[in-house]
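In what comes next, subunit A is part of two complexes: it sits with subunit B in the first one and with subunit C in the second one.
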Partner chain A sequence: MTSLWLAWRTTTRYRVRAMLAIVGVAVIGALLFDMLLLSRGLLDSFADLLRSAGYDVRIIGSEGLPIVRVPIAGAARLAADLRARPEIGDVVLVRIERATAQGAGHPPRPITIVGTTQIGGGPYTIVKGEDLPATSSSWDRCPILVGRRLAAALGVAPGSSLRVSVRPEGIRSALPPIVCRVAGVVNFYFAATSEDAVATTMDALQEALGTSGESADLILVASRPETGPAAAVRVIQQLRPDLRAYSNEDVLAQFNQNGFAYFRQISFVLSSLTMTFAFLLVATLLTVSVNQRLGEIAALRALGIGRARIASLLLWESALLVGAGAVLALPLGGLLALGLDRLLRQMPGLPDRLHFFVFQWRAVMMHAALFAVTAAAAAGYPVWLATRLPIAATLRREVVG
Partner chain B sequence: MAVVEARRVTRLFPMAAGPVAALRDVSLRVDAGEYVAVSGPSGCGKSTLLHLVGVVDQPTSGEILFEERDVAGLSEAERSRIRLVRIGFVFQRFFLLPMLTARENVELPQAEARVPLADRRARTRELLEYVGLADRADHLPSQLSGGEMQRVAIARALANRPALLVADEPTGELDEQTGEHIADLFGRVHADGTAILVVTHNPMLAARAQRRVTMKSGRLVA
Partner chain C sequence: MTATVLLAASLAGAGDSASSAPPPGVLLSRQLAARARISIGDTVTIAIDPAGTRAVSLRVAGIYEPTPDPLRFTAQRLEAHMHLPDLVALVADPTDPAAREAVDAINVKLTDPNDAGRFASDLAVRAPSVTVTPTSRTRDDDPFAVLDRFHVAISIVTVVGATAFLLALMVIRAEERRETIAIMRLIGISRRSLIAAVAVEGLLIAAGGALFGVVTAFAAEGLVNRFFQARYDTALVFLRVTPSIAARSIAIALPLGLAAGVGASWPLLRGEILSLFRR
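== the complex of A and B ==
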């Protein structure tokens, strides 16, 4: 006859009260779980997004966050120098331009065109067709990968042709169009859901721009695992002190300090509120329950049942109510997170792969720890009430009552 | 030998208008195997005396000696232990745990006293047979009549083989015929050697006691 067993029998005896408490805690717990997912979800999702490119250092030509880009002069030479260093595994040049794309029977449509020296396995998932070819050929001068949204809008599929006119920044009129072959239809990791994007080879983009291969907006670097990204950053700074090199961790740290502090604060405030509600709900229900059972408790004490047993009985009652509610809160919170995530991701300009609510075991552990504390705190007053009640006076009151 | 002895005990209850004396200079001794009934009008201090003798309350002055130990010098845990293994309580309102069956209610004080499972199962079966409820062992209190609940409560009070059974108006919630059955049961418990102190308004129950004492206005008068 353990205290847990007695608490279980008490809980199942007062089923309606227990169900109300469990449902209440579950609803509150779902909100808490969502706040915990939100507090790190965006950062974790952003980290996944960065790592999905397969490169752990980014080189840009300006100070500040890597989203503000200026062209990197001598990018091709720098790439060649970096490839020669033992700390560097791979280097990819990226150039991003505004352009228009026109399919047969469709008006021109503004797009973002990304030129890259990366061969295969870029930050996209191929939905149809194939990846960009490893080498350029005279008959296939402009192979492109088209975002799924754009492919649907222009009615193109692998093998179709698109007329692409690049509009470099600062130049008022578009350059003459080139005909590009759709190699594949893809989902771009970094493209916003509302953004129409295509990717092509750096050679093809430079041909469309009519420039040589010396410039890039962004250089992606993969460090060697044995030396790590910090060594790669040092090498880059030695070679080109005028540029800024950021490891993925640097980027995340900057976003964590600036971009995501807002979500953490909201999450902290709402988590604290939900914990307070859970505490008040369970403490009130247990206190009412103890007040209804004062005679019973006084009788148990008169029979010699110790204070410790009464305290542990109430603690277990609290733990059962809060525990069941907290467990139920996980699937409930998960469903709610899916809906909220879908809603928030409709904000314009967000990459398709970015999520606000990301499942993390850390959040589950934190959820469990916070509810354990809540269960103990909620049982505090009822335990005090039950273990300190004057036995004789309570029995007398019960009889008179 | 006295199981319990109250020596010149006074119990004052603090009230807004000043302390009220529920007991004044009362002395009472219950010997091993003795059956004592305390009667008197409502509010005369019977239950207060029973609570003091049952070690659930402390006198304002005077001494309570339980098996020759002054309970005033004992810790709460020690007093609780005495109540668990040396005293059995029977209440007017039974106070059985509603979520436990008759058997489980009888087992509870034994479990608290860490009686091995097999022994407490055997003792519980023996006690439920003793009070005539072997066939209701797995019934919840809500499935029992008032008389049956009180018999389960008596079995529970006897679970740890106490030296003293204290009962506060044990027939107060029962009809006359059921009260007689309970009185018979108390007679058997006494015959089996357990000392009993019963507080009652019921003359039929009081008549079964070896010794009857009467209280009035917080004092023993006879």
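== the complex of A and C ==
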């Protein structure tokens, strides 16, 4: 009889306690798995979100995340200069303003309006209708893409009209509303779940503001693959040292340092606690179980079964309990992650596509490795106890006594 | 009236002031003062850009600890507070007469806070370009309310795992005492007395564990706070074990311990006496 078979027989003999131990390990393992997913989930999700826009360098007018918006003066000129450089693949200007939108029979609703020079595709998925036209025409001066939530709230569809009043920040303005045509209904990647957003062409937004196209809030740059984003950042710094240019990697590093710190810390603390908890659970159960079976183990030793096989038996018992719990923990953790993710995504201002728990094979591997270590460590003391016991004295005490 | 400087400020210590009138005062955050090695009474130069454009000399009147902000605990609080006229003189565009009248925000304290909604609509009619935002958050738009729910969810999962652990231990203990219980029942000790005994045992184990947990949490509170306050250079309190939290932990642990104790021993107390001797 192999050690594994003997361990299996022992585990199935004490079904209730084995089942409870497996349930305990599975629940704690599910939490550990979720914390491993959380340890990089938000960062990976944010990286996906940044890359989904198709641009790898962002230019803004102030350092870090702007608290007060600093518009980029001479943005159109800068874009033209950048397009002429061999390191740069594409340049897009973005301007963001607050506005109100009013559909027929609905009160005005505050919205965020984004004007962009991007042609053909953007950080959104078209749900209904079509994309913004490549060029504006006299009959279609204000084509707009409307977020799905706003479209449902205002009861508009492609072809409908919306009255949009732009309210430039920091300027007391009574600009007249303009009538815009809904070209499409979209899901914006960067819009918060509670945010009503509208995208239009930069020309249309400038016209609504009554200004020329020289200013932007953000410039998105796609570097050429052969030179990479670092070369693009250097070019931008040479052309406009007063601006800040960040590659996607820079933004991620800053996010990892600042915005993600809380979740990294809680993930580390809870992972450590759950590991300790799983270790205590299995070590205690095995130790108590060995103490109950001292006579049996002494008898096995007296029959000639060596210390190594006894140690192997206990290691297998630990592996069976921890292994079964760890395997169950994966689907349980997946379900729990869905619930926790839904809960955390209720945070205000988060983009709809951002997730806290993102599946990664790296997390599964780490989960398996941590549980293997836990199983081995938890078996340590019971193995020491079982292999060191004096055979004759134990038999006399446990059997004869 | 003061305003927070939110601009690229170049700051350099200057030992003396040549002008006869004393320079206006400025308050620096503790972090900024430490980084620039500035003390109270020093004269500093603040400009709107690193090139020193429109630089003004100011006297450091005090050093303050920035109000801890949980949303910005990782940010370096390099800040200065100065009188609004001094700030406007520094940053306002001299070619724009309206710039001296511009502010980023106006804080308003209402006589009756319940009037916030009516005040917002009145102001929206009189000044359509102004946005009115309440300073207090509602439960729906508070990120900390969401974090609170997240922590509660994690606590529930932990309690479920701990209950399985406790139940497994109690089952082992009950099995250990199978024959003892059989003998006690044989000599006439009632089931009720035996149930009371295992219930008290479960309660004692749960109470001991809960008390140990509360004491550990109280002991860890200072360590955790000191570690993270040093790590992020902030006065923010990260962990606070309140009496209500301690009471809630004990209130959850005790019934669970009771249920685990009785539940694990129930098959032995309910069954036939001979079956306890495996007959």
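In the analysis below, the second predicted complex is superposed on the first by the 393 of 401 C-alpha atoms of A that agree within 3 Å, B and C clash if a C-alpha of one lies under 4 Å from a C-alpha of the other, contacts with A are read in each partner's own complex, and residues count from 1 in each chain.
Methods note: contacts are C-beta pairs under 8 Å (C-beta built on N, C-alpha and C of every residue); 3 or more make two chains touch, one makes a residue touch a chain.
Quantities reported herein were computed from a predicted structural model and do not represent experimental measurements.
With both complexes brought onto subunit A, simultaneous placement of subunit B and subunit C is permitted, the two fitting side by side without a clash.
In the superposition on chain A, A:Pro176 makes contact with neither subunit B nor subunit C.
In the superposed model, A:Gly155 makes contact with neither subunit B nor subunit C. When the two complexes are laid over each other on chain A, the CA centres of subunit B and subunit C sit 90 degrees apart as seen from the CA centre of subunit A, to the nearest 10. Greater residue coverage of subunit A by touch, when subunit B is weighed against subunit C, goes to C.
In the superposed pair of complexes, A:Leu270 makes contact with subunit C only, with no contact to subunit B. Touch criterion met: A:Gly295 reaches subunit B, while subunit C stays clear of it. Of the two partner chains, subunit B is the only one that A:Thr12 touches; subunit C does not reach it. By the touch criterion defined above, A:Leu343 reaches subunit C but does not reach subunit B. Put simply, subunit B and subunit C get as close as 11 Å, counting only Cα atoms, in the superposed view.
Residue overlap on subunit A between its contacts with subunit B in one complex and with subunit C in the other: absent. The touching residues of subunit C, when paired with subunit A in their complex, are 6-8, 73-75, 102, 104, 127-131, 140-143, 146-147, 149-150, 153-154, 157-158, 160-162, 164-165, 167-169, 171-172, 175-176, 228, 232.
Per the touch definition, subunit B reaches subunit A in the complex via residues 47-48, 51, 54, 56-57, 76-77, 80-85, 87, 89, 91-93, 95, 97-100, 104, 107-109, 111-113, 156-157, 160, 168-169. Residues of subunit A that touch subunit C in their complex: 14, 16-17, 20-21, 23-24, 27-28, 30-31, 62-63, 67-68, 98, 167-168, 170-174, 194, 257-259, 261-262, 265, 270, 277, 280-281, 284-285, 288-289, 292, 336, 339-340, 343-344, 346-348.
In the complex of the two chains, the subunit A residues touching subunit B come out as 1, 9-10, 12-13, 295-296, 299-307, 309, 390-392, 395-396, 398-399.
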